[in-house]
Amino acid sequence: MAIYSQILANGLMLGALYACLAVGFSLVWGVLNVINMLHGSFIILGGYLTWFAWHGWGIHPIVMLPVVGALLFALGFALQKLVINRVVSAPVLTTLTLTFGLDMILYNVMTYWFTATPRRVQLDLGAVSLGPVTLPVDRLVGTALALVLTLALYAVMRGSNIGRAIVAVRMDRSAAELMGIRTERIYAITFGIGALMAGVAGVVFASVFPITTNVTGTYLGKAFVVCVVGGLGSVPGALVGGLVLGLVESLAGHWFGPQQAITAGFVLMLAILLTRPTGLVGVRGYE
Amino acid sequence: MRSGPLAYALLAVGILVLASTPLYADNYVVRTAAIVAMYGALATSWNFIGGFTGYPSFSTAAFFGLGCYVGAICQRAGVPMVLAWLIATLMVGAFAALLGAIILRLKGHYFAIGSIAVVEVCRLIVSSWSSLTGGGDGLNLPLLTWGPEQVMRFFLFVMLAILILSLIATALVDRSRLGFGLRCIHQNEDAAAMVGIDTTRYKVAAYTLSAVFCAAAGAAYASWTGYIDPTESFQILMTVKVPVMAMLGGAGTLAGPFLGAAAFVLLEEVFWANFLDWNRAILGVVIVLLVFFLPGGLLSLARKRSAGGPA
Amino acid sequence: AQETIKIGAPLALTGGLADEGHKQDLVWKMWVEKVNAAGGLAVGDKKMKVELIEYDYQSEGQRASQLAEKLINDDKVQFLFAPFGSGHTKIVGGVGERYQVPTIACVASSESVFDQSLKHLFGTLSPNGGMTTAMVKMFKEKFPDTKTIAVLGRDDVFPKSMAEGIAKAAEAQGLTVAYKELYPVGTMDHAAALSSIKAAKPDWIYVSGYTQDLILARKQMQDLGVTAPIVTMVTGPSYKEFTEGLGKLADGITSSSWWHHATNYTGQGVWPTTADFYKDFQAKTKGADPDYVHGSCAAAGEVIAEALKRTGSLDKAKLRDAIASTDIQTFYGPIKFGPTGMNLPRELPIIQVQDETIKVLAPADIKNAELIAMPK
Amino acid sequence: MTEPILKLEGVCKNFGGLKALTDVSFALAPGEVVGLIGPNGAGKTTLVNVVTGKLPASTGRILFEGKDVAAQKPHEAARRGLARTFQIVQPFPQMTVIENVTAGALFGGGAASVGDARDMARKSLDFVGLAPLADRPAAQLALAARKRLELAKSLAMQPKVLMLDEVNAGLNSSEIDGALALIRKIAESGVTVLIIEHLMKVVLSLSKRLLVLHHGQMIADGPAKEIVADERVIEAYLGQKYAARLKELHHA
Amino acid sequence: MPEPRLDPLLELAGVTSGYGQIQVLWGMDLAVHSGEVVALVGSNGAGKSTLLRTISGQLAPREGTIRFDGRAIGGAKPDAVLTAGIAHVPEGRRLFRGLTVRDNLLLGAYLRTDKDDIARDLAWVFELFPILAERQRQDATTLSGGEQQMCAVGRGIMSRPKLLMIDELSLGLSPRMVEHLGEALIQLNKAGQTILLVEQDVMTAFELSHRAYIMENGRVTRAGASTELMADPTVSEAYLSI
């Protein structure tokens, strides 16, 4: 029994990190209808910035959170404004190819500058015990941050003028223009928010996982799975998707061995794709 | 979409150039020609589902990888090489038909994701089924004992044969009821069903066609290199690269995917040889520029020239 | 007519193995520089300069084989250096075999690579086997209470063979294997496996994988309170990235390696002693420590030098036979290839991180510390 | 009365909790032209979708030539001779007009080859008067022509029953007059026609019999004259003012 | 009805416009005065929607001038035109799926920052169309066609425009629904709203408007008071019938 409470706790904490990793990707995909192949690299970029600040100047990751967020927002905004906006309404294959090409560039730049060495912010905050369950403090903080950030994003999407404009542009670009919405700007803001969330996830990840350019593909794959499981383009979807994936991987790892954990995640995703394409809590309209 | 004499001429020239490389060039050029033919076959296969039908499939690496493994396992069990390739082609084709019946219910981005997931799941399953596949250790195949030139020529002609078969299939489909139906589905699937097209069957047929040539190429490739492992056989990169090649040449056309593959492979050659640290980034830049300035693919250039404007 | 000796190397400069690729690149360039500064390599009685031709194969096996062919056909190299890792070595070795180009593998240690009768492939690392039996024996001796072992290995050629090897060796010497699983490439989290290991309460935890897997595993062990008197990670502590990434957490971790700069070998070549190599390396990298990849790759050059000297010609078949009969001493240790082309087994260093530095526990002649239990 | 060609018995269709169709029953005799009217959201398009297999019925039977076809797929419906047009026109936009119609002939009309289908398509284009635009891409057509293309495509399928979902919406009076003549011609060739339209002029001038859907229920089925005077229909659909206008017109 | 002012609120002179190589408008002249309801009728493809798109900035005029409220707005971007005071209710309603009725209405006020006034206008829209108040938490695209049209008009009103342009008020609506919406428009106009109405159903258009323009092939062919046009036999011949 003790082991199960531990497995569940592991799953939930991992799941929150997954949610954090995926929410920006989901937003960009849902709103811009662009599969952002750069997302994994954005996360790693955020992680590297955090690591260098910590390693070089001893700046605490918490301080870097807003800094990295702002930098990646700017990067995302600029990329969308100057590059992606030119083909934003083209078919899937075109936008995907474009972001794939951009990712090749960013990836190459990052391996050149940062090398592929795994780096880690050694905060090592220890762990707390709740009865039989051991909870690593950095993951707890990461979980809390992930929740706070996704909720903040949710609030922005639901309650603010910008949030409404983002949905409107997604649903009907030319009608949105008639509302006075500058669609290209909204696209750039959305992409910026996506990059911001990726960067912030990178900050959290840098203190929890070893960061290296090798894992950009893995992160991207996780983001895919989380989005599909939870439901595309919706913030609560990313949260639910992340948690479910974390739990499934954790339980499958325990029952069938770590070799099957990732397979279980993908199988879950395929099952959901086929039975409930809108995801567990997906909003209609993003198909 | 109709392929004119220009396309056929380009194809004939391209294939002749590839086939004649052993006459005048060294073995590495012959190898590059074989690789061009192989990617040409992969891109031409992809064209059935991605170009004709408009379904952004990223399953290529799954079919290629399964082809590698089925072929390798058969060969290790003592099946003669060419027969092993045939078995691989048929089995993967059957697998694609079954899989297609399931995942072709998805559309757009969802289909894209589902088809990528297929690659990952295949890789994971192959990798954990060690008793059959050797898991992470991979599998060794009997190496051909001929000299390097003979081996290379042999595989050049094998890959060319697969390419030519895929092109013939494309030309036949293009003129048939199937091709017409697939194009209708591409344009408007609801309307296609309403005029009496059995969309599920047609899509499954396209998906299967997109698999068989990949499987054949994979099985032949495995025999060629003599060693396969899960990471090399199921490469996400290949699965993205092949559609990019098709787009580069012109998706949905007869000659486009092959030309795109040739152009892409040659570009890669140039960049590796000359830019050690930046080859990936430079290729990225090229892709970005292509998306911007040549969205219809290389063939659209030729078409503009010859037709003097958009049709 | 040939003016230079050409050695070709497909390298992973980008992609998953970029770090390893850059290490190989670094020492090979060091070696070539040093050789050419001394006028080149002796071929019989004349000296010829060495040229190293590298291409980035982006950590993709298909491309590695393609570039190996390019090196042979276009660049007409006389020798190939195989890239990092058993899988890619196998691929490049296959190409070398087909063209009968001698290929030196310096970072492949799985016997499975060398058992397929590739007559032109030679490996400077000793077989993995040397890393398991001796280790079990030593740990049992020092810590007689060691009864159970938990093994977690990455599903990839080398780490998998290590995981399997250690489990077999442990069982053979009377230990119980309490847990043994492989994790797939691309695993982001070890919590589930570690929680199961924790429940099994083993006396010895053995994890194999690449540096980033191992850093994560160690960190999560700490987080989840998973401990054992002995924790071994292969090949973690052999790399400085591992200790750098973990800091204090690395303390107490044991491992084995093929080579360590604390050894003191004397032999032939541009670096007659281990100390010479160490000094040059430190100068080149502004104070970094080399690891076994650096050592083994640098020594690979000496194999070629020796073969050229002995044959005095560039005839590939003669060179191959000369390499097969190599029997030299180098700063890296003795190199003598067995019938499969692999360097002969020898007693390999068992190491442990103590106070964030690497200590050698065995073999006796280079030992500089005693095994200690993992700090709690 | 002859054996009905199409007959619905107790057809229901739910979307989650929403009852889009409740217990709908009616029958069409071969060659009949019937109008289907009802307020927005009454379920008219849904009815067409259910009959043509685009949506499965929740319960109920759909008999086509006496055979229960409730479980059919859209392409099966098309091959049986149940053709429809879409309220929002659905051409194959990048194909030419003739290719669009060829698709109808090839797959729904049972043409033996692409060549035969092309010949059938030409006839169909001549019939609707689109022949001059045969080689234009469908996307370039103006609305009226696009609606006629929908018609031509359906006709090429050699339908026995043709369901027209607002083919005249958005057309002006002279265009409507042209369309009316066309539909009459189709009906005369023996095709059973079900017309869905909000334009009473069209419905009344073509069909003697009207069906009225309201909130998914069939609230009236009978001769057009009686229906337009029915209080429930006026209340639910026509509105008093319009009904008055209609009455004036009848008197005039 | 309020007395129309003399100097036009919106004035087009010689406007040409189109899509890519296709020219649709060929020298359009048109004026709308404050307080008026002006109808624009004409056959399919005459260019009515194109005209509205050109005014609202979705298309740039190639030649000619568009003046609004004393300023030239030709070629301005949609957000600038909206700020100047023109709202465009597009053909086919175009409500935003995934957003509630209320959110759709609020998007009409996207460029406004006066919170209190927005709330007041929202209340006024709900008063005008009580059904929307009832359904305000519902996804807008699940409304019936007529309700959607109300929501679209309401969304236009929410920008508090000086001129409200409505494209195809009655398209796909039942006669009863058209009647209902017409009444709402008259009420709106009585409250001072200037309206430019594009309408296929000429009868409805004439009934609702003070003046009307008849367009053919991108040009104005007739213009005048609606009652006069309705009485004109040549007009009724071509356009009027039930």
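As written, the chains take the letters A, B, C, D and E, and residue 1 is the first residue of each chain.
Please note the rule applied: a residue touches a chain if its C-beta (ideal position, glycine included) is under 8 Å from a C-beta of that chain, and two chains touch if they have at least 3 such contacts.
This is a predicted model, so every value here is computed, not measured.
With contact taken as defined at the outset, chain C and chain E are each touched by A.
Chain pair with the larger contact count among D-E and A-C is A-C, by C-beta pairs in contact. A centroid comparison over C-alpha atoms places D as the chain most distant from chain A.
Rounded to whole angstrom, the centroid-to-centroid distance between chain B and chain C, based on C-alpha atoms, equals 37 Å. If each chain is reduced to the centroid of its CA atoms, chain B and chain D end up 44 Å from each other. Chain geometry summary: the mean Cα position of chain C and that of chain D are 75 Å apart. Within chain A, contacts with two or more other chains are made by residues 107-108, 217, 221, 259, 262-263. Contact of a single residue of chain C with at least two other chains is seen at positions 14, 155, 182, 184.
The full set of touching chain pairs reads A-B, A-C, A-E, B-C, B-D, D-E.
Partner chain A is touched in their complex by these residues of chain B: 50, 54, 56, 102-103, 105-110, 112-114, 116-118, 120-121, 124-125, 128, 236, 240, 243-244, 247, 251, 277-281, 283-288, 291-292, 295.
Considering their complex, residues 26-29, 31-32, 35, 124, 127-128, 135-138, 140, 143, 148, 151, 225-227, 229, 231-232, 235, 237, 272-273, 276-277, 279-280 of chain B touch chain C. Listed in rising order, the residues of chain D touching chain B in the complex are 52, 54, 73-75, 78-79, 83-84, 86, 90-95, 102-104, 106-109, 113-114, 153, 157.
By the touch rule above, chain A contacts chain B in their complex via residues 29, 33, 35, 83, 86-87, 90-94, 96-98, 100-105, 107-109, 112, 217, 221, 224-225, 228, 232, 259-260, 262-263, 266-267, 269-270, 273-274, 277, 287. On chain C, the positions that touch chain B within their shared complex are 13-14, 54-56, 58, 60-62, 65-67, 69-70, 72-74, 87, 90-91, 94, 97-99, 112, 116, 154-157, 160-161, 182, 184-185.
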